[in-house]
């Protein structure tokens, strides 16, 4: 059983939750999807995140997904999103997931938090609740949560909560913030892992500013894997060549709301999952958007061919 | 088994959820609390609302509370708050509660909704999900949800969703809105029940503008019961005499956040529940606030005595 | 010329801005209104606040109001609300007002601020802009601004900005915050003046927790003046007797949006200003609300008579 | 004097407001900047928008900018951003600008608006205020204003306000919304001009979905001009070739907050304005960001060369 630590790096793919046409969790697609991500070279997986439609599942279903993913994950670390309006639900899913072999849990702040003190106290309460043995990932995604977490607040959280081992960085704009987090460490603060989200929209710059990798669910995980690998080798121009080829589609898939329909459409098209079904409330991709996505994929394929 | 309808009126007390000192649901206190509310004259109860610390319970615990309350409710209608981030949780708790004998369910809009169309569509999806036989209460509480529901949106919701039978009215300011809702009915729209929340802070005016009663959890339910009763008899000055006696405490208990600590403190002091414990995150009443509450209670007792 | 300092206390009435029926600033009513406030015993005035309809004036009109009020203020301190989306406007109105004899300026945070660092930096930039000689009042009114200012942030602001001399306290709930501010001073932090807003809804408790007075615009300034005077004498029960008599109307006037229409209606009824006109967007009091206000005033008069 | 109409199309560049090193408006740079935009082929200009640092100017300065831009605009239409917290300021700047020769005014909704009715009423009040002869542009930019405007609300606004001639479309995601706006017209609603913002991040798709052009301030206006021109010719693949070459920088410049520093840095580097100075609060581009921008510009230049 892998346990998440501050040394984590590489690409943790944010996994979708596949549903069949009757809106039930599609176990078979979970298996093919996990196989696909691992075959492409994912270092780990993150499940039951916002893009995993976690709030649309009952607790029993959530734990079922954890079990199914872990069964196929070949020992790679699996992080479980456990954000919920209350602590009882967070504690229950966290403990049950860890008992099944998860590597850690990810927690986004509830939208009611405002001040630095409130945010720091919230994570301290979560850490008290989960105890010292469950590694915690802080998800910093203000566009979605409505909660702006200052670098001072993150600094206090990292200093006071030893079990906080990773930041999912998706503040926007976030490049300056990432550099400041790394400077805090240069000044002596414990170093934590920083993986970047936002569909990878700033991944080349983020890798150069000290990110340890990506944690996002763009439907072509090969993009994240290549950009992270090349960046870690110092091959920044080649990393950008790859990135630029995917960028028109990244931009399209990164749209809030619509993005998940795009992602599931492509995953289904690639045969990774059986169908693009979302639970309500969720969009199916309208015909005009399908045409746009297909045009972007065709151009992307040509561009990638030119690169090789 | 009582089923909620548009004719509902009177006082539906928002019930607290009592916890013992180990933070477990306190079943015995549920029984004494329900007895107390009914003995005071409550026409119904609403449980698992925001003030019932619903998000702090697991689904299994929530259903346990439903069961316990229904066991003591002597056939009075019990409305269950089922608001949740996703439809699966809403559907599950709603169906299970109705199967146990609940009278209806209450749904507040998720904070992500903004436009009229989004709000109307949300309630239509909820109604589709629950089917025509589960009566729905719309909770209109922008201060807490962040969602402003226009009178036009409510009009569309009432027109298109026959199972929507009641509005928990706690917009602020809300007096003009309440009058407009009643005017829409005078113009031919189906009449729904309107019960008022906000700790009853505007209850005398609301009753004169056409409210059917109160749905709130002020620690002295006798206030709501007397004000509603006198108002329905047309005894508005006497209703205000009672109201004014309680107002200094209503104002104090209506403070967001702190209010629940005040409410549980008083309920415990009155012997209604065994203790004032809240689950985290939740405040205990600091000494200065205890002194303020005691001073208010003493003055209130004197004032009520003068009235009789 | 009075200059505001940390020693300020008593009642600073938030003045309305009177308009004539053609929506022009009503200079004559400014004079009668200022006379009225001073005759009732106001220690100072605050003009061009949110309830002074400041954003509805052009800069030229704003300065005209400052001039007119100062001309009648008999040397009492006048604080000018200078909140604006940009620093150029803040600087211009502040300097011009001080040159005319204002005692200080009041600044609320723009709604875009979120983190502690952003809020502290904003006030530091304002202080740099205005220089050391213009006393600044921090308006802490999250319900209206959307900006939650933590006690830690206020502590940093008071420590680093010597020209910050007063806090207009209208956070809600705010009693615990007020006590914490005073505890910070007991621990050695410079003491600043704290005057309370929110129509005085918690004034008795606030005075007992260390407030220096009130800064609000309730249409019966005699309430604030009596409650503050009695509280400062330690006559807390008598202060509450007065307060409770006014509370039903305070509660009504404190409603957001509608409240200003109530306030101007009563000021006009009392002969303080010639008419209740607001500039757009602004409500006139609908007939049902007029009836409610009149009923509240009649009961209030009876209650006050009983007290004497 | 050009007056804006529903037929407007092409590229209206959002102009920066240049400041000299003493933070005064830099008149000479205004002249070179306007020359540059027109030389590149801009059909019109939009000034004093959010990216024009409008809230940082006093009314006198704002009008000075209007005058200076109009003096160099060679008769091309100039739209003036007049958004302000109050109607008096909106009316004054609108009338003065039109008197000087502006083509129309742009108004974003104040952040306090929530419901459809509030939004529609706001624009009706603005239209009443300005009278029938001042063409109005509705700026639909929820990410910045916090106000979500539904397609139903826009439909009502267009139907009831004849002087509303253009929508600055920068909702995100916004492609479906744009298609719906065009479908409303196919169903008989008056057609208005739709120009797209958001730094052009979705410009190729928007042009194919019926946009009339772009209104944004990306530092290479040649991008917008070429993409719009090629799209209008039906040369969509060539439009995308151009777009894709600029996309890595568009993405970078589109970051909120930081983006303006990038834009001014590039405009200064290109000799369009004398310096990148912003008024406070405003960022200068830190060294790491300068390096990133330079890398993006170098890659962009190579890519554009490959295209020719």
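Each chain gets a letter, A, B, C and D, in the order it is written, and its residues are counted from 1.
Methods note: contacts are C-beta pairs under 8 Å (C-beta built on N, C-alpha and C of every residue); 3 or more make two chains touch, one makes a residue touch a chain.
A quick note: this is a predicted structure, and the numbers were derived from the prediction, not measured.
Asker: Determine which of the two chain pairs, B-C or C-D, is joined by the larger number of C-beta pairs in contact.
Answerer: Between B-C and C-D, the larger count of C-beta pairs in contact belongs to B-C.
Asker: What's the rotation angle, in degrees and to the nearest 5, for a C-alpha fit of chain A onto chain B?
Answerer: 180
Asker: Provide the C-alpha centroid distance between chain C and chain D, rounded to the nearest whole angstrom.
Answerer: 38
Asker: Between chain B and chain C, what distance separates the C-alpha centroids? Give it in angstrom.
Answerer: About 34 Å separates the centre of chain B from that of chain C.
Asker: Could you pull out the residues of chain B that touch at least 2 other chains?
Answerer: Chain B, residues with two or more chain partners: not present.
Asker: Which residues of chain A touch chain C once you look at their complex with the stated criterion?
Answerer: The touching residues are 114-118, 148-153.
Asker: Show me the residue ranges of chain D that touch chain A in the complex, using the header's touch definition.
Answerer: 172-173, 175-176, 179, 201-202, 205, 208-209, 240, 243-244, 247-248, 251-252, 255-259, 286, 288-289, 292, 295, 299, 303
Asker: Give the list of chain A residues in touch with chain B in this complex.
Answerer: Residues in contact with chain B: 53, 55-59, 61, 84-89, 92, 111, 121-122, 125, 129, 279-281.
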